[in-house]
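Shared chain: subunit A. Partners: subunit B in the first complex, subunit C in the second.
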Partner chain A sequence: MTSSSAPSRKALSKIACNRLQKELVEWQVSPPAGFKHKITDNLQRWIIEFVGASGTLYAEETYQLQVDFPEHYPMEAPQVVFIPPAPLHPHIYSNGHICLDILYDSWSPAMTVSSICISILSMLSSSTEKQRPADNDRYIKNCRNGRSPKETRWWFHDDKV
Partner chain B sequence: MANQAEVSPRKRKAVEDELEMEASSVAAMTTMNMNQPAAEESEPILSNPSDGAGTSGSAEIWPGEYEWSCCFRDDEIMQQQSAIREEAAKVPYVGDKDPLSALEAEFESGDPILKEKIRLLGEQYAALRRTRGDGNCFFRSFMFAYLEHILVTKDADEVERITRKVIQCRLTLQSLGYTEFTYEDFFNIFMEQLESVMTSMSIEELLSRSRDQCISDYVVMFFRFVTSGEIRKRAEFFEPFIAGLTNTSVDQFCKSSVEPMGEECDHVHIIAMTDALGVSIRVVYLDRSSCDKGELAVNHHDFIPTAASSVGSSSSSSASGNITEPFITLLYRPGHYDILYRR
Partner chain C sequence: MFTSPSQGFMDFFTETFQISQSTPPSDLYRSVYSEIEEVGWKHLVSFERDPSSVNFSVIDENERKHILEIRLPQNYPESSPSIAADVPYICEFKWSMNSRLKDIVQQFQQLLQKLQKFWSTMDSIDKNLLVIYPKQPTLACSYRQIYLGNDCCLLLFIDAQNPTSLPGCRFLGLNTTTEIIRKKWQRNGRKWSNERSFIENLSLLLETNIPGCTTTFQKEEWEIECGICYAGQLPLGDDSQANNGEYPDYTCDNPCCQRAFHTVCLRDWLRSITTTKKSFDVLFGSCPYCSDPVAVKINAS
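Take a look at the complex of A and B:
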């Protein structure tokens, strides 16, 4: 089960492939605490499992992220979604789409998969209530034909959660 | 002042949201990463200074680039910005060299002050080369102007000098805690271009590479890394400028206004980049300003890197006389940079 249709995407460029291989090696040496990359032979799609940080609303809950890399990674951001069931969070939609600026407009090649993971964990950890975004149903309806979250025009306004 | 930045899609956010944003919690965390990369919960070495936080928010549904109906409260701005983006995409990253009269034609029916300034400009400058207004125009203009200068002059001393600077920039990023693989490709591509213009590259080839996204954007990103590294390294120096500009921390500024592609340049970026690379830039301002004393003049400002040391006061055109004139001249019109060529 994946939360978004696998977009028919172009293969990684050579430079993207090299970069990702380096990221993977680095990850294997030193993954972000609490995160596990599930080994597959697909460099272009990573499945990452993690456990909510202790002392937070998501403690001991296990979630999976699906990270798809575009042809021109890292110039373009990877597509990152939760594989449902996604955590109940005011900025995470039930289809797994995440409203977090660094995944879209504020992405920079200075970031890495690892830094995304840390951001997502931090976003979860600072949450004070387990609930869906207010516009969840409307959004999900709009995404029914398998739209990528990268096509959404996100509105970032909240730096607290 | 050059801070009326280009309208980029992100600017809306920056203006309407991030100014309001209380960045301290975010900053606290990332600063921690920066200073003690391995301290917190066996924080992986993968974390660049800008890592580990972001701004989240609610999704507003924006179904595809061309459907506007669902948009809310800022739909007019969005529409306008999308139009600007589409318009921008029609211009190549780096355009052909046009005679200055092309600029005149642009303002033919325009403001008399501008027309007069363009005439004055024509006394000193023969041509201009436009760049795409995609938020990267300062870096892109600099990239082309610099590489073209090397291509034409084959100035080996300058290449040797900047190569040393680039090595320093690398070390800066390293010491700031950036993971090498995040920046090395960008550094390598810049150095490749530098070597090529020094040896065999033709001007046509340079132009074609500058229009090739895979090369051009990598070089732009190289400059963004260099700029960010310099700002972070001299955070104390830049902090008041940044606070005045955006009311955010140095870290947040680098993360949101320097490192992402498409974020336009302000004086802070230019000072940092010229200092980091030790290259002077003259920026000629084409705007409606005039002084009352009658005679109209086209103002310019020279960004002169601070002497060898990277700490100290910023550059100024009033700096002492033994500094040579910048060999790079950019034309600034509110929101945009192009390249100017002297007579």
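Take a look at the complex of A and C:
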């Protein structure tokens, strides 16, 4: 596999395409506060830029998220990663992978890109220290072959941050 | 009147009472009353004292009814009041010490006059094209998502100050189809002319007749959307599939939720997670929205 973090890119199903169009319209009409969808013609990969909430450790810092949608979205969660440099956070690895249950085991089609963004922002906002996860180096090593975070078996051991 | 008021309530009561004591003296209200009279009591919808605001109803030349909310600051009329209304934009209001409420109403009427062209443009879109979103647009709303056919939609952003000019747009749909339409739009962009009607311009740029609300699929079909695929009719890739075009046919039993789903979508979702239980040919799981139990037959069709 040559592409870095891209999952095997099968084109979106008609259902996925239809649903994403509607999510995009909803986003353009009322985007989550502080988030900006970078306009591209690619419905299957969204690049989202946002600024850390004021009054938090990440205030005024700008980050980019890359959201890739699987063929059978929303039956499957989208793959969401930070485009490095990723924020320093106990649940965010230096390669941009995010340890957040709703992106993996707890995903439900009731969620949307917009609700994911809000969850990620609140995860950052509630952080009390800027540091990498304890197992960052080991994890990065294991991901060297371009493994998707969706292939990781995550342990959601801490829901405080 | 209050037989056994709790301490907390009494505190609250005295507090509010004190606040209202310190709010503008009744002199002010007397002058506001006379200003309302100048506008005409029949136009008054409501008058709130704390914080002070006056709501008037204003009818425009095309019989549209507008509610104009004028909020009065503590030191009214020294500082200018602020206003709110269901309009796409509010121009700056002139205000001086000698200004009165009727001056604001008058300026609002001038704004309404300016906006007539905008609303008639929006009306022509709503009447002639298949508007998917918003379903019940407010008067302030200056965008529309319209259906172009072939699973392609166009999101139009109309400039409220210059409604007949070339609108901002976003094409939504499969990349290949939208690419063709986008190119036409770019190529024909210069042909947009303020002399033609908005709809005529639109068809000219897109080189096609845009489906109107008279097309075979009716607006109602978009009304109830499946909570999973967000579609009214099931958009399966293969047209020969039996469930294609089906409407949501399953509703969550929880009265607070009542989300609608296509049985097919709900079944596919339940199949894709490990917590679903299967008994005979029924899948038992939980609603993606409220987590209440749901059950669908495996061979749903």
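Heads up, the rule we're going with is that the second predicted complex is superposed on the first by the 157 of 161 C-alpha atoms of A that agree within 3 Å, B and C clash if a C-alpha of one lies under 4 Å from a C-alpha of the other, contacts with A are read in each partner's own complex, and residues count from 1 in each chain.
Quick note on the criterion: a contact is a pair of C-beta atoms (placed from the backbone, for glycine too) under 8 Å apart; a residue touches a chain by one contact, two chains touch by 3 or more.
Fair warning: this is a prediction, and the values are worked out from it, not measured in the lab.
Visitor: Clash or fit: how do subunit B and subunit C relate after the overlay on subunit A?
Guide: clash
Visitor: Scan A:146 for contacts with subunit B and subunit C and give back first, second, both or neither.
Guide: neither
Visitor: Looking at the overlay, does A:75 come into contact with subunit B only (first), subunit C only (second), both, or neither?
Guide: In the superposed model, A:75 contacts both subunit B and subunit C.
Visitor: For A:22, using the defined touch cut-off, is the partner it touches subunit B, subunit C, both, or neither? Pick first, second, both or neither.
Guide: both
Visitor: Please indicate which partner A:41 is in contact with in the superposed arrangement: first for subunit B, second for subunit C, both, or neither.
Guide: second
Visitor: Kindly classify A:97 by the partners it touches after superposition: subunit B alone (first), subunit C alone (second), both, or neither?
Guide: In the superposition, A:97 contacts subunit B only.
Visitor: Looking at A:85 after the superposition, I want to know if it touches subunit B, subunit C, both of them or none. Which is it: first, second, both, neither?
Guide: neither
Visitor: Between subunit C and subunit B, which one touches more residues of subunit A when both complexes sit on the common chain A?
Guide: On the superposition, B touches more of the residues of subunit A.
Visitor: State whether A:13 touches subunit B only (first), subunit C only (second), both chains, or neither.
Guide: both
Visitor: For A:114 in the superposed arrangement: first (subunit B), second (subunit C), both or neither?
Guide: Only subunit B; A:114 stays clear of subunit C.
Visitor: Now that the structures are stacked on chain A, which of 39-47, 75-83 or 183-191 shows subunit B clashing with subunit C?
Guide: Stretch 183-191 of subunit B has C-alpha atoms clashing with subunit C.
Visitor: So subunit A touches subunit B in one structure and subunit C in the other; where do those two contact lists coincide?
Guide: The answer is residues 13, 15, 18-19, 22-23, 72, 74-75, 108-110 of subunit A.
Visitor: In their complex, what parts of subunit A are in touch with subunit C?
Guide: My answer: residues 13-15, 17-19, 21-25, 28-29, 39, 41-43, 72, 74-76, 108-110.
Visitor: If we count contacts the way the header does, which residues on subunit C are in touch with subunit A in the complex?
Guide: The touching residues are 133-134, 143, 145, 151, 153, 155, 170, 172-175, 178-179, 227-231, 234-237, 265, 268-269, 272, 288-289.
Visitor: Sort out for me which residues of subunit A touch subunit B in the complex.
Guide: That would be residues 13, 15, 18-19, 22-23, 26-27, 30-33, 72, 74-75, 90-91, 93, 97-103, 105-112, 114-115, 118-119, 122-123, 126, 133-135, 138-139, 142, 147, 151-161 of subunit A.
Visitor: Considering only the defined contacts, which subunit B positions touch subunit A in the complex?
Guide: Subunit B reaches subunit A through residues 9-10, 13, 17, 21-23, 25-26, 29, 41-48, 50-65, 70-71, 78, 178-179, 181-183, 185-186, 213-214, 217-218, 221, 224-225, 228, 255-256, 259-261.
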